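Shared chain: chain A. Partners: chain B in the first complex, chain C in the second.
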Partner chain A sequence: MIGRIPRGGAAGCAAAVALLAAAPVVLDLTPYSHNLLTLAFLMIAGALAWNWMGGYVGQVSFGHAIMFGIGGFVSARLVLSGALPAPLAWIAGGLVGGVAALGAHPMLRLRGPYFSIATIGVGEAARLIFTYWESFTGGSSGLSLPIDPILKYQLYWWSLWLAAGVAAASWLMRRSTLGLQLLAIKSDVEAAADVGVSATFYQDLVFCLSGAVVGLTGALYASYFAYIEPADLFGFDRSIGFVLMAVIGGLGTPFGPILGAVVFVLLRQSLLATYPQLYLGLYGGLLIVIILFEPLGLTGLGLRTARLVRRLRASRSAARAA
Partner chain B sequence: MARFIDLVFRAILLAGLYATMAYGLGLIYGVLRVVNLAHGGILMAGAYLGWILFDTWHIDPYLSIPIVLAASFLFGAALYRVLVVHLPRGAAGGPASLLLLFGVWLVLRNAAYWLFTGDDRTIRTAYSTRAILVAGSYLEVSRLAVLAIAVLVPIVLHVLLRRTYLGMAIRAVAQNPDSCAVVGIDVGRIYTITFGLGTALAGLAGLLWATIFSFNPSSGGSELLKSFVVVVLGGLGSTFGVAIAALIVAAAEVFAILVLPSYLTSAVGFVLLVLVLVLRPGGLFGQRVLG
Partner chain C sequence: MSLLAVRALSRSFGGLRALDGVDLALAEGEILGVIGPNGAGKTTLFGVIAGSLPPSAGEVQLAGRHIGGMPAHRIVRAGVVRTHQIVRPFPHLTVLENATVAALHAGGRASGPAPSRAAEVLEFVGLADRADRLPGTLTLAARKRVELARALATAPRVLLLDEVIAGLAPAEAHALAALIRRIRDERGASIIMIEHVMPAVMSLSDRVVVLDHGKRIAEGTPAEVVRDPQVLAAYLGPGGAP
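Right, the complex of A and B next:
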């Protein structure tokens, strides 16, 4: 049910991406909407990658900000030192993010709440360490990157390609044998091991991939905003953001996190302007409502509406036939 | 040497606070198999309740203990009845209960921001700064009072769980809820009471916390983690185990001052958490059933 996509869905997705790619040229977007869309693309990529671990494998991580921050700061340092051009520095940031995620190996045999709480601990420890590692992160005053208006403009498309690529990967992962293996691990680690699916190997693999994508996202984010500080990139709010986007959109669904990220970015932007301190509480309330009434989030709501519409239509045509 | 003794006292006092926090989390996890991620938020709420009672009604924080206990008990019972009861529990429940209670924490945190702003608060009584001289180091009265209460809590809890019908029912439900239903124990009621007791202990810990340290709406996160590490390390089996675990965690934090730069000492608790979870997930004394 979840992995299937309506006929013509692939064409629809491609058309949506093409439209978004043409938007800045055709529509002459204001800098504000240009900004918002770029941020949304980046958050989509991050939320989808978080969902591989949190949704597909069922290991809820409250520590993805670590990879986001590492990717951001590594690429920023590489750009600042002039060693690599921006796109290569981003890739390097993503690679280091993936390698850093492998460091979670000993924690991955923990399951459920044990894993989640351990990630809170690691995330907070990392935030402290990177905040005080001034020679690398610039400490609490952060790092400023050279401002390049052309690159900033182009980053709209870079972010779009990243989001589209990660979405395609999410779908393929869900449909592949790998997706089934992850589902097996999520349902029952021991039963999965009995049929030859090693939880250790696949969790390492997925966490590494997820970390690499989140690292890459962090690297693009750093280049786009041209100013980064550890409190933002490594912050607990950043980690929570990935969780919320995926859960709002639909935990474990291949495309749900896209919806979640869009809603999250829009809500955050409007609430930050009006009620800066209240937006987290709203997300908390949303989380409670979703878990209680619609565990698949917006995706579940959409599926339910579609079913309802279909049933109504069927009963109407039945009435007409009679 | 005087500094060493000072640090030992400091560790013991801190351990008392950590143990009180951990009993609340451990009780709920032991019986319902739910990790109360809202634990930190309830701690923070308990601290604010004590602060309001002291600041507006001038009720001494130690006299407001019954009020805070009752209020957080009711809050916890309501939380269970309204939200948690609808969730699948245990491994089969997946991340649902975790995410739900995390949502509760976010709401509590924001409610506190809204009501009290983000400023740091403390409960400062007339005797807050008073200290007595013991073995060459000064001990603050408020810390000693916290320690006394922290010693009293496990004793009361032990008597409750061991010597009363309610306690027996709680322990029985922790072992096997289905059999309990068969012999006529109202399992739902026991769950409600247990969740209430767990949050009451969290609220109490928050109040005690507020008499010694400052707090703000985002407080509670690291307290949740420390409670969890104490519960895991001490095992759910024994009140004694939790006390020892609290002492280990507190001592590690306090003595880290001697070897680490001050800004890194707060990372010690987090590192300890991960080490404990990875190396001794079964606890120091093995996991036993509650009681």
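Right, the complex of A and C next:
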């Protein structure tokens, strides 16, 4: 029921993507805006992919930084070795991220808070392992990548295509019979099994897809920033970030995480410089408000406002008729 | 040969033997009633046959194929599906979507796209006009039909009905009993039904099995079973028989 787009929605989305694609050329963006938009596209892709698991299946992962970091470091190593051109190295990072996500299989027997707590533990273990695995990640001093400035500039578009592709995939997944089965698992895993839906299979499948996309996102992120360290890519903040973006935007809605990611990136950038402590407090407050009053986040707020406007209009026209 | 054969099936919960060596056979095209006092192990029997609970001992065969102990989703694909005593529709999916999820798992026994097969099932159970509603907006009687539609959408060979009639007003109960007979006659499903509503069990069942304390205490035609002294004792207590 959630996630019907109004008619012309697809055209609107395509227009928005086209506008953003033309922006660097037409508007002559400052490096700061260029940076901010690229980061926003990457976070949109990551938040949407997180939402497949956290929103569609209802398994809230606090460990997605693992796949983000693995994608980032695997692609970085491949770029450094010069064995593959950058785009192939990114894809390889995504694939390894997807395979790594399959490692969640035993944890996916757990549901709800038990699963979430397990992902926190595994996420922290992974952060420590990769921090101490200096020959691969460079330890706490990280890795610097020789990224060509032209490639860095072009990463704006690569990131945009990724975000647009993942958004389209989110929409299709939600509308497909796969999406129905995920919702069935989310609402009643036993009743779903009693009509033939294997929660084990679909959870593994979606976690793998989600991990591959997040890995790919991490790979683009690594190349764009050209310097990566385990504390950033594998950090708990990173995992929490995916959760926050999806929850702020609207958990389980196909496009909500886009809004959430944009708000997240903008708030973070604008507050990080001036009030570095404030932004975490603000997220915390926002999260409490959303969970208490509007479980569908900004999307829910938007739907509620639209309903209110419609009702006001209806009552006004009724008054005019009378 | 029987379509579904249950042999010496047992299931314990800690020290409690909820099912204790139950034998049961269902013939193709048969409606088998399962009755027994509360706590007799009827729902546990369904849980074990449908794969929601692994058996502690014993076996289940569908047309000669071992299905005992398989996970529920594979048993559905093999052709055995259950409904729940307390209906469990997926609340955020429309009635049609509820049936569609199930229709995806017919295991090759039906052809055509799942949504159109689901729509056909809704037509059959009389919910076609409510296909786009959410289950929460329907009456209990209609939600029982959603539960039935979802099970039927998997094109079952064996349908396990857990008290679908109980709790309904007489008119609805009659309509649902007629629907159960049509499921057997028109859709070719063989049925085991647990039911407390005696007139329904007696008129629908070809045979009745009586469980008490996890054991099968009687079996026969409805008329035979109600005269069985052991059955009367189980329901009314020893010495309760006239």
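To be clear about the criterion, the second predicted complex is superposed on the first by the 321 of 322 C-alpha atoms of A that agree within 3 Å, B and C clash if a C-alpha of one lies under 4 Å from a C-alpha of the other, contacts with A are read in each partner's own complex, and residues count from 1 in each chain.
Keep this in mind: a residue touches a chain if its C-beta (ideal position, glycine included) is under 8 Å from a C-beta of that chain, and two chains touch if they have at least 3 such contacts.
As the structure is a prediction and not an experimental result, all values here were calculated from the model.
Asker: Let me test your reading of the model: by the given contact rule, A:I120 touches which partner, first (chain B), second (chain C), both or neither?
Answerer: first
Asker: Should A:S198 be classified as contacting the first partner (chain B), the second (chain C), both, or neither?
Answerer: After superposing on A, A:S198 lies in contact with chain C but is clear of chain B.
Asker: Using the superposition on chain A described above, determine whether A:A184 touches chain B (first), chain C (second), both, or neither.
Answerer: It touches chain C, and chain B stays clear.
Asker: Which of the two partners, first being chain B and second being chain C, lies in contact with A:L292: first, second, both, or neither?
Answerer: Only chain B; A:L292 stays clear of chain C.
Asker: Quick one: classify A:N35 as touching chain B (first), chain C (second), both or neither.
Answerer: In the superposition, A:N35 touches no partner, neither chain B nor chain C.
Asker: For chain A, which residues lie in the overlap of the chain B contacts and the chain C contacts?
Answerer: Chain A residues touching both partners: 186.
Asker: Under the definition above, what is the set of chain A residues touching chain C in their complex?
Answerer: 1-2, 177, 180-181, 183-184, 186-188, 190-198
Asker: Which of the residues in chain C end up touching chain A in this complex?
Answerer: Within the complex, chain C contacts chain A at residues 50-52, 71-74, 76-77, 81-82, 84, 88-94, 97, 100-102, 104-105, 107, 114-115, 134, 150-151, 153-154.
Asker: What residues of chain A sit close enough to touch chain B in their complex?
Answerer: Chain A residues touching chain B: 54, 58, 60, 106-107, 110-114, 116-118, 120-122, 124-125, 128-129, 132, 186, 236, 240, 243, 247, 251, 277-278, 280-288, 291-292, 295.
Asker: If we count contacts the way the header does, which residues on chain B are in touch with chain A in the complex?
Answerer: Those in contact with chain A are residues 35, 37, 83, 86-87, 91, 94-96, 98-100, 102-111, 113-114, 118, 221-222, 224-225, 228-229, 232, 261, 263-264, 266-267, 269-271, 273-274, 277-278, 281.
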